[in-house]
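In the two complexes below, chain A is the common chain; its partner is chain B in one and chain C in the other.
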Partner chain A sequence: MSESVESPGRGDARAHAAAEVREQEQARVEAQAAAAAAAGRRGRLAGVGEIRNIGLVVVLVVLAIIGTATSENFATADNLRNILVSSSVIGVVTVGMTFVIIGGGIDLSVGAIVALASVWATTVATQSYGPAVMIVCALLVGAGTGLVNGLLIAYGRLVPFIVTLAMLVSARGLAARMADNRTQLVTEQRIKDIATADPLGIPLLVIVLAVVAVVGWVLLNRTTFGRRTIAIGGNTEAARLAGIDVKRTTTLLYLLSGICCGIAAVMIIARTTTGSSTHGNLYELDAIAAVIIGGTLLSGGRGTIVGSILGVLVFTTITNIFILNNLATEVQNIAKGLIIVAAVLLQRRTTRDAAT
Partner chain B sequence: MNRTPEPSTALTLGRRRLLFGAGALGAGALLTACTSNDPEEESNAPAANVNTNAGDNDKPGQAVTIGFSAPAADHGWIAAITTNAKAQADKYSDVTLKAVEGSNDVNQQISQVETLISQKVDALVILPFDGQALTEVGIKAMEAGIPVINLDRVFASPRGSRAWIGGDNYGMGAAAGRYVAEQMQAKGITNPIIGEVQGIANLPLTQERTKGFNEALAAAGMKVSNRVAAEFTVETGQQVTANLLQAAPKLDALWNHDDDQGVGVLAAIDQAGRDEFIMVGGAGSRNAMELIKADSGVLKCTVTYPPSMASSAIKLARLVAQNKGMSDLVENEIPASITLASATVTKENVDQYLPLGFAS
Partner chain C sequence: MAADVTQEPLLEMRGIVKQFPGVRALDGVDLDVRAGEVHCLLGQNGAGKSTLIKVLSGAHQPDEGTVRWRGEPVGVSSPHDALRLGIATIYQELDLVPGLSVADNVHLGRELASGGFVRRGDQVEATRAILERLGHPEIPPQREVGRLSAAGQQIVSLARALARDARLIVMDEPSAVLAHDEVDNLFRVIRDLTASGVAVVYISHRLEEIRTIGDVVTVLKDGRTVGTGLPAKETPTQRVVALMTGRNVEYVFPERPGVPEDAEELLRVEGLSLDGAFRDVSLTVRAGEIVGLAGLVGAGRSEVLETIYGARKRTAGEVRFRGRALPAGRVGPAVAAGLGLAPEERKSQALLLGEPVARNVSLASLTRFARGGWLDRGRERATAQRITSDLEVRPADVDRPARTLSGGNQQKVVLGRWLLGTTRLLLLDEPTRGVDVGARAEIYAVIRRLADDGIGVLLVSSEVPEVLGLADRVLVMREGRVVHEGPATELDEHRVLDLVMADQKDGQEGAPAA
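And then the complex of A and B:
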């Protein structure tokens, strides 16, 4: 006579015990995964990342030598400032993009979100509330659209490429509609001042980029969120089995990218003194290109903020050198393409040399 | 062993959710309040360019339907083209305008024009996104007996249109070049450093503008030393100008092809704190004209490329459909080609042109 029916009380206790074991197991696996990821970063991967960055630094140095040799106006304090300021807007967008790509996704909607946020923050109605509301408005629009992207991808189980492509089209459409296809001029002087302010002799826009990059670096390298992002990008299924809430983390990644776009929108409003549905055109490609030459894997799981920022600087410096030398745009585009290939090849070579 | 959630946790969680929900609602309400673009006070936006004094020709005649197709209004100038066409058509009780949604996809524009042809409109006004690509459908309309007014961007074949009306890109560049040369000579600068901010570099219209500018300068023994290309957007205007100003630490004159991107060009100049040169604009936006009138910055002049040409095109289409000629000319039919002159707008004559300025 075996006990075919268990008493309810015992069953409960057993279930609880099992749940507890599962939780403990989960916690242990998560800790292990995190530890492994951390160890990996400190060890082999960190080394590779740094060497990759050295490759980009070499490219930058070569560009600087070419610039100095071909134009007397290159190596001036004014021009270096100009290069840094020119990098600031796209740089902030690129930090957000780096997170999304490391997390195994892609965000094609960044340029459109910048445009929508810039328009929304500069309507006559928004401007009537003053500069603080304009800034908050841009950030909210960025966060809101990013959140929609994230929810659709994580909980709606849609492919990131499709969701953000849809957002690209519709956000730019909404921006054009809201602005009635006009360029909206900013009348608020305090917003325009953002572009010219330079506390401590450093342009405010560059400081914003620096702060975003540092916050991004800390988030990626020193927090659980960063570890989870890397784990999800490396192997989503393993991350899920390790007990990571993949959906929540994925949503946060796109939210983060959206907020970066909101910040970039404020910067672009100040720099151009306008809001327009044409702002941020092709930012998605610029940002993705910078992230990739910065050494981040397009398939996710590996990447650095520093590399992405260096990638942005490489592109801005190329544009600068071409204009200083009075070269035509089409030549510039050919050269940019070649330099992207050269930079990636150079990185691979330095990585391989280091490995052997 | 009973693991019901702690009441206090549940409460905090509830409060957090509530706070978050309220916050989200508040943010939503704030954002919704921010979408309006209606000015609180009386708007000083320019009215659309319409013309009502044209002798007997404007008296109501045979009722006609005019089809209208233009690129997407993603730029102040094109937006003004569409607004002007609609406003001019509204002035006539005998004109019904069928305007199709603007598109920058030539395939879509071709099928839109085909739809208008099959609706048997009495005349067509077409501003093609690309003149070459729309030529065939223009010919098709003409062969179907519908007269086509080709607006601004030229068809590859004259068979595609009954009449062409448009701006003078070469003349615009030449006018800018002449103004710059005069100003340099007046200041006694013999070897000036001249900058140029183009629009989209591979468009024929940009190349014609640059050709006119170069040739007018060459006649005075001057040349452009720094040339950059933007993309007709404010952002690119700001970007390339910021770099151009680094390339030329001292400038004497600067011509910017397009007042829409000019907002960005001027922002870059302000941010660099530069004011040692004179700047000439292009197209003639209201914003640019107001700056010229105020005479407070580097912008001293703009050479026009007036979107009022859309109003004129509607008038021409109406006359063609009603078999009338232009009353100021002797001929019984309208001319086959009309090139508009590019006016040089400076502080002295700006008041005369302000009503034609378009909102960028």
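And then the complex of A and C:
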């Protein structure tokens, strides 16, 4: 254990010797580690998150069967593309929300931030600078509002629910005031093109969602930031006492969520060719619902990006089936509510099993 | 006031056994309590007092043994059962609803109501009558409980017990939250209660209190009754302490090689204070030295550790680590400088229970396994594997969730967190709490080995033999102050207990070291 006292790279001979010893030591255990890793992977496959993800895939398959059975238009390439495109905007918001919830927080302001960013990016003044500035503007508005949320929560020691609720109200208010309660039309063709472009036959919006989801997955599973997020959500006190800067990480979480909202705003501007203070209405609830049925604990500390994306797909597919069958949105909302309750009941059961 | 010894006991507990995973908390406890007596429970931390009162109050079910209440065998399977029998427990953390009025709290769970409507007037009247009986008519029944002092809240707890016609009231260290004159007041209330035939089981560490208020004493040690029916006022202190300390469990401590004269001074704390917890604490820890902080729960020892570590913000004083001043109230710089803390509550303060062992080990040094924020998970895992096999964590599987490990192995994981390279000073808070006897010896050996490798250790433990057996130097704390400092070999358990219980007696020095 003497080698553990020295840190490598200090430049003196002892440190080098110590580092060498450590490397040999490491090699020795590497073999054991590899064997254990194989066992561990098997163990992880049976982990709670994976089981429920499989469950969500099953739900999607069942929905697909129902869709195919009830409508001849369901199982078509056009309709599949339709479902994915409808999932793209809310999907991006949900990725940010997943981080916030795993970190033990909540962000009620996502819909309002999307609205504010969409308005700010489509004012006559902003549009006059061209598409690049419009996009940057949306991202900056998202990042700025997210940062305000994060700073108030982390350093102002306010409850996330309250802070983001206040942001929800005020951001939408600001958006309405900026737009003068009117819908702002996009004149810039290149922005409109974002919604219709499909490189390699895949709609650009879906590609954006895929990129955001992959980046999110990597951030969560492969970086120190992701690990800290899980630690803070799982046991804030333990994270703090381990020397993790809880405030900084918390701030970054809301900043990240805000940036996702900025991206979503650009996508919604392109899809609707408008900026409006009514964009993103109730996105906060849709995103939270998707995160929850995706298996993320509302109390934080555990969750997956894949689950959240599957959660979004489940909701959009349900909507899609209802529309294809000309069923009323009321019925659709009832079905969504039932699914949320069922998912949370299932989640509680699996976590209890895992605890024993 | 003293109870009639010939009379039938109100409560008779026989051979109570309570087993927790890895720990036999109660191992055949007997307890007789008679109506109208103040029965004091004494014992060191971990002797089983808390578990016993939890069994009595229905919070725990005993694995073996019988409970007789007024001569009848009874099963107390829930706190509700206990209350129905007439057994009320007043815990250290008062279980009152701060946002409700005094009257509402007194009647909580047994409201005076008609058709679902609370008869507020009746409740207020009933509460006023009880408060008068307790000698506290000045507490307004309509006042919000959260706005009362700690002493006032305790009276409300007592009033609640009386509102349910409790025949036996268990008080767990009631004086801990009270100022001196408030304690006198509490004693007056207790005397009134016992005069009317209520029995009180009174738990306290303060011997002088027990002499003032107690009738009989029962002493617990390692989950057994070692003395019972002792007269509280006449039994000599020495006898009580002897009963509390005589041990069956042999602790195995590693050899103390002694700290070299020229060992570097790692930590220097001067005049450290934290309002409401401790005052003017000064200490030093040298490389390779184990310094023990002895004292009772509530003496401020954990707070000292956490304040040095920056987890609490000191109100005065200075902390220097290897000559450099550490900022107040910030953990990050302390960890970066080379401090590590294994906190008292492993589960709530140290571990991510659902996460694998490897991630728990790496938690405090993620940046060491990362390049530009990108984690090298292979190296992380291999290092965790090396550390845990070094510490003989069982089972040897770093992918297991931390939750599935025993207390001793969880503790090793927390220790392992600080052995990844840069930690020079370990702050250990109750490192063997909830750890079974076998694993204790292993943890002692690990701590010793770390010290031998040049790491400084500041150790807090409520188990006096542990501090004496492990530490090179010992500081004894009582009520937020250091009352003694010296080499561990010059102290023994009796002397330490005398110091911490503030029952100053001379003529006990010179006894052989424990």
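Basically, the second predicted complex is superposed on the first by the 295 of 356 C-alpha atoms of A that agree within 3 Å, B and C clash if a C-alpha of one lies under 4 Å from a C-alpha of the other, contacts with A are read in each partner's own complex, and residues count from 1 in each chain.
Basically, a contact is a pair of C-beta atoms (placed from the backbone, for glycine too) under 8 Å apart; a residue touches a chain by one contact, two chains touch by 3 or more.
Bear in mind the structure is a predicted one, so any value in this text is a computation, not a measurement.
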Next on the checklist: I'd like to know which partner A:223 touches here: chain B for first, chain C for second, both or neither.
Outcome noted: second
Next on the checklist: Output check: A:124 vs chain B and chain C. Expected answer is one of first, second, both, neither. What do you get?
Outcome noted: first
Next on the checklist: With both complexes overlaid on chain A, does A:308 touch chain B (first), chain C (second), both or neither?
Outcome noted: neither
Checklist entry - Regarding the shared-chain residue A:98, is it in contact with chain B (first), chain C (second), both, or neither? => result neither
Next on the checklist: A:238 in the overlay: touching chain B, chain C, both, or neither? Say first, second, both or neither.
Outcome noted: second
Item to check | Dominant contact partner of chain A by residue count, chain C or chain B | outcome: B
Checklist entry - Between chain B (first) and chain C (second), which, if any, makes contact with A:296: first, second, both or neither? => result neither
Next on the checklist: Looking at A:178, would you say it contacts chain B, chain C, both, or neither? Reply first, second, both or neither.
Outcome noted: first
Next on the checklist: So chain A touches chain B in one structure and chain C in the other; where do those two contact lists coincide?
Outcome noted: none
Next on the checklist: Applying the document's contact rule, which stretches of chain A touch chain C when the two form their complex?
Outcome noted: 1-2, 4-8, 25-26, 29-30, 32-33, 36-37, 39-40, 43-44, 222-225, 227-228, 230-231, 234-235, 237-245, 301-302, 354-355
Checklist outcome for this item: Per the touch rule above, chain B residues touching chain A in the complex are 1, 3, 27, 30-31, 33-40, 73-76, 79, 201-202, 225-229, 231, 233-240, 242-244, 246-247, 249, 260, 263-264, 267, 270-271, 287, 359-360
Next on the checklist: Quick check: in the complex, which residue numbers of chain C touch chain A?
Outcome noted: 309, 311, 331-332, 334-336, 341, 343, 348-356, 359, 362-364, 366-367, 370, 373-375, 377-379, 381-383, 385-386, 389-390, 396-401, 403, 417, 419-424, 449-450, 453-455
Item to check | Residues on chain A engaged by chain B in the complex (per definition of touch) | outcome: 12-13, 16, 71, 73, 76, 78-79, 82, 85-86, 120-121, 123-126, 128-129, 133, 136-137, 140-141, 144, 176, 178-185, 192, 195-196, 268, 271-274, 276-281, 319-320, 323-326, 328-330
